[in-house]
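Chain nomenclature is as follows: A, B, C and D, assigned in order of appearance, with residue numbering initiated at 1 for each chain independently.
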Amino acid sequence: MSAPAAARFVGTSVRRVEDDRILSGRGRYIDDIRLPRMLHGVFLRSSIPHGRLTGVDLDAARGLDGVVAIITAAELEGVAHPLSTRPDVPDVARPVFTVLASDRVRHVGDPIALILAETRHQAEDARDAIVVDYEPLETVASIEQAEDPARPSLFDDTDSNLLYTEATDYGDPDGAFAGARVVRASFAPARVAHVPMECRGGVADHHPGTGELVYYATTQSPHALKLGLSGVLSQPAEKLRVITPDVGGAFGQKAMLNREDIVVCAASKLAGRPVKWVEDRIENMTAATHARSETVEIAAAIDDDGAILALDVNLKIDVGAYPALPFPPSFLGPIVRTMVTGPYRIEHLRWANTVFQTNKASYGTYRGPWAIESLVREVLIDRIAYELGLDPVEVRRRNLVRMDEQPRKMATGPTLEGVMALETLERASELIDQDSFRREQADARAQGKLLGLGFATYIEPAPGPPDFMSSVGMQLPDERAVARLEIDGHLTVITAQAPHGQSHETTLAQVAASEFGVPLEHVRVVHGDTQQTPFSIIGTGGSRAATMASGAALHATRAVKDKVLEMAGNMLEISPGDLEIVDAVVMPKGDAERGIPLAQIAMAAYFMGVEGEDDGLRSTAIYHQPPGGWSGGTHACIVEVDPQTGVVEIKRYVVVEDCGELIHPAIVEGQIRGGIAQGIGIALLENALYDEEANFLAGTFMDYLVPTSMEIPTIEIEHLHSEPLAEVNYRGVGEGGTIAAPPVIVNAVADALGGASIGVVPMTPEYVLALVDEAGI
Amino acid sequence: MRLENSFNVPASPEQVWDLLNDVPRVVPNMPGARLDEVVDENTWKATMAVKLGPVALEFAADVRREASDGSARRTMLAVKAREVKGRGGATATIESTLEPDGDGTAVMIVTDLHMHGAVAQYGRAVVPDVAGQMVTQFAANLAASLGEGPGPAS
Amino acid sequence: MSVQVSLTVNGVERSAAVEERRTLADFLREELGLTGTHLGCEHGICGSCTVIVDGVSARSCLMLAVQADGAEVTTIEGLLEGGELGVLQQACRDSHAFQCGYCTPGFLMTATELLSENPNPTESEVREAISGNLCRCTGYESIVQAILLAAERGA
Amino acid sequence: MKPPAFRYLAPHTLEEALALRAEHAGDSAVLAGGQSLMPLLNLRMAFPGTLIDVGRVSELAGIREWDGGVAIGAMTRQRAAERSKLIGERAPLVAKALPSIGHPAIRNRGTIGGSIAHADPAAELPAVALALDAELVAASSSGERTIPASDFFAGYLTTSLAPDELLVEIRLPSLPDGHGSAFVELARRHGDFALVGVGAAVALDAAGAIADARLVFIGVGGAPVRAHEAEALLRGATPTDEVYAEAAERARDEIDPGSDSHASGAYRRRIAGVLAQRALREATP
């Protein structure tokens, strides 16, 4: 390891690089891109959940002012291939579908045509003039209906609506359950939507002369999008470039190869002009992805002391009508399976998972995609406590894997190492001051007020230990980054991340500038352009950046630094090991007098050339996953339930967590608070509701309730830090808030009602009032 | 969605039955409705306008008589309607049954309504109310058609 | 049909022909190139498009451009002071108020109105004032702190 | 989500406005504050042929004393009304209800008359008008008429205004001096339309008995509902929790709320009773 640089930006909340443009209105989002001769595209979408398309009459629309072309499935034949789950994904049903609906529509919002016009208004006028005839088919609106053989299969090439089944035992669940006391719970959370404040969109610019296609896209995964588009459109990869401008939030929703992306690119090819598509909010709510559309039954075998001997889990997932490519329908279940025992000493697991298709929007990975495991497990643990008359903290304490027991393999495979779950629980319990709360609770109860306290402990693979993905059954790629010395001595760091709020332009610059020994402003982080950035199939997602992108940036920077020191060593006739870089000056350690400005060395390097890989001025690093890799913690919260209305108010919310060393504390805490806000939405407000005939009822922000500043409380955060297991001791923190908030609020509400059984989120006032009645309060 | 509405018409069941089975005559009694085409003796095309403040919806409807049982005084119409500006649509079966009620006739209408698109999303909550108002108006119009004053609606 | 609309935007007189059905938001973004104002829902709930019209906040998605004829409009671009971030913007930077930046213009304009009417708001007044603006990234606390900091600095 | 094409007309005087209203009676919508109409246009739920923007008709805005009460011009912005001392004194129930409407940016543009004429059953101002026995002044090119609030609200988004009429003024008779008022709502989220809302006003006589009581509900049907029987029960009674509970019980029978995706009719009915008691207690001077 090279000598530490004098200025160390890591660990301080430096000014965000992104803020200058964002705060001045100079960000550049997809809708801000305007190209010459650009057409505006608007999708015509199915208004019915399931049916045959018996007629699409475009005549009136074609004749309207400004309408240039209307693209339907017919126009796409030979231009965009039909879609399906990759053939190498084992054991899944693989229905084939066209990019635009051709003969059948399968959910409200299924795209049927793209109208191209000179203005957005004209395109919408034309959309309203298209007459679509449907012949309705019986709908599949729930998992129960998808299991019903009497209901139609959504596709002619699938026998039923069951897409995937797995059943696995870990350890000896039969033995553990035999004769043991059993506590059960079931959960059916509502479907929710990701709701980035910026909807999806893209601008495709196909150059008829060169055959090059440039696609500006709101995506978290530019290389994956490029790969997908290249295949579906038969567009040579060297003539396809995906560029991500500023992206206004994603939360997993912008990780897909959207059918709309394909149509917009194809439309630019067909029309010979650039085409812009910017989704409106109704489309985003209706036709982009939803998540958390699952049901779970869980049972625990316990002993009389509350030790959890085994779990039996049956997970059913409703993935909607079409797989959200490139993710197969079998993507999620194995991650839930791998995570479900959590940081607990649970040796045996009986696991079953089935995945179904329904007449709903596609299921897309959403912040903490596997979160159902923490929700049901943490709720079940509280139920065990009530069953045994124990304190829920005590039950967790008895089952959590202690530090001195680590490393230790989870029953499902991954190694728990450096996991401070128990320490976070103890500290959270201390901060919330359980004893005095219980007195306050009793006093309040005497006055007819219902207070409740809940806890939830979780871990998240951020990015997880090296054996995590193999346990899931997937391969996790390494992460690459490029560092390049510029001619003025500044540094460009090119990351494979595609940030959309995570502030990587700041955090990776902190890591690189600290390592390189230059001011923060001398480092620029480049991202989101497949022509420049190293390949990554993920981009930004899966809480990888803190470890993986930082590690790659660190190593790439270090390699450039080593070359700089070698050159400087030659110039100064001193061993490179005796040099350091302080504030952009290369100098013998502690001897600023003999320093040479970095800019001078860079200039010389550019003019004379440098031997070595990557021409010596740049370096590509490949970072491999280090041991450990877990973030996690404990949330505790206090709620008050209005016994007359069922309204839940969060009175206090405490987080104790460990994500390793903090690169930028304010950004870390922003991730935690933002994640919790989404979790509070899941717990209390949000429902992407379909009726019993699969009509979608939550298309506006009047129907789909995103929490406001009045629903999100002040959140107290404390960080614990385990001993580093690797040089790069930063870990992801993006998903934990969303994972832990639903169970902690469910547990607090249950506690307020004397141990109510809760199996649904969001807990609407009406639902909670029914619980109040049930509890006889 | 199932809607049940009933009203009384101050006319004999026979008179009301004849009127209800004369679709070209009955359609104009429905508020906002207009008969566009008689396709055959059991099939019609009609337009139905619904105005709620600034929201004006216009449905192009295919109406088919599925059953007409004179002895039970029961008719069944099937309607498939499309909002002309793409705001969704509806299918419905409308079953009307007549019974003598004092000097008049009780008309019972059971509608099995399936909506889709924007009207389903925004209209669901208000449909029962609006339907109730429309039936009240329909009853008054029917009574007027039969040359009598309106009967009490419920 | 188009009509001529003249108004003052961020202190500059602007005039353009605009289709009658264009919203103020689209006019600012498309005709005037002021893309700092964002559209997040176009039905008046998310608040991303909030601008100041004649001294008070308004959803620019719920106003026609023609309605703003003769008005004085301030957008996020107008908050810069001599090309540098203004006091509120600096406070947001120093408090790390935002993440993805999409909701940002709406919060800044809403906070601008709040601080002009109530230079020393309490935390709950700030929360109440910004409750008509949705942010999906932050959980709001950093935004609340930024506005309180701006108030302290005399924005 | 862009508005459909329409003809835009912006009269500067009431006379012009009424002439245009008459000319386009079949196919026009009135643009007041736009906070309800613009979303419907953007969502393409409304396709008016002509939009008559009355925003520049200055004579339609203003707040004045009227017969011991207060008269509010239809184009008065809700935010201006919120800050009006006169309204605070003469019609405190209006002042109590106004902060529940959306958010400041909405109230800056939204108008008193626009909200009442839009007649959303979950909106506050129609209910307040009903509770206070407002006289709603409708004008057309053939003259003016006054519509009692009890005859004004005809159903979901529907009023007794004729297609050529314009709501020009809202006259609110004053309740007895010293009366109290409250507007209590339960919404899923701050600033949302309420699942149920209750407006209440209570005046006591010298002996401490209830001299006048008003109780009105929103979100419980196609139009705001005034609980006349509950009000009758309250008049002359002593303002105790028991009496309020009984009145709330009575009021629950006077409403017939429907179900939607946010709450069932049964829940709304129950909450209406809870909120009615809270509102009455808060309104008791």
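The working rule: a residue touches a chain if its C-beta (ideal position, glycine included) is under 8 Å from a C-beta of that chain, and two chains touch if they have at least 3 such contacts.
Since the structure is predicted, the reported quantities are computational estimates derived from the model, not experimental observations.
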Could you pull out the chain whose C-alpha mean position is farthest off from that of chain C? B
Chain pair with the higher count of C-beta pairs in contact (B-D, C-D): C-D
What whole-number Å value describes the gap between the mean CA coordinates of chain A and chain C? 29
Chain centre separation (chain B, chain D; CA means) in Å: 32
Centre to centre, by mean C-alpha position, how many angstrom separate chain A and chain D? 44
Listing for chain C: what residues touch at least two other chains? 19, 21, 42-43, 128, 131-132
Residue numbers of chain D (touch at least two other chains): 1-5, 43-44, 190-191, 261
Chain A touches at least 2 other chains through residues 121, 128, 280-281, 697, 700, 702-703, 708, 710
Chain-to-chain touches, reported pairwise for every pair that qualifies: A-B, A-C, A-D, B-D, C-D
Provide the residue numbers of chain C that touch chain A in the complex, in ascending order. 19, 21-22, 29, 34-43, 45-46, 48, 75-77, 79-80, 85, 89, 92-96, 98-105, 108, 126-128, 130-144
Could you please specify the touching residues of chain A with respect to chain C in the complex? 13, 15-16, 18-29, 31-32, 121, 195-199, 246-249, 251, 280-281, 500-503, 666-667, 669-670, 673-678, 700-702, 706, 708-710, 712, 714-715, 737
Which positions of chain D touch chain C when the two form their complex? 1-8, 10, 31, 34-35, 38-39, 41-43, 51, 53, 55, 79, 102-106, 108-109, 190-191
Contacts from chain D onto chain B in the complex sit at residues 29, 37, 40, 43-48, 118-119, 155-159, 221-222, 258-261
Please name which positions on chain C make contact with chain D in the complex. 1, 3, 19-21, 23, 26, 42-44, 47, 50, 56-59, 61-64, 66-67, 110, 113, 128-129, 131-132
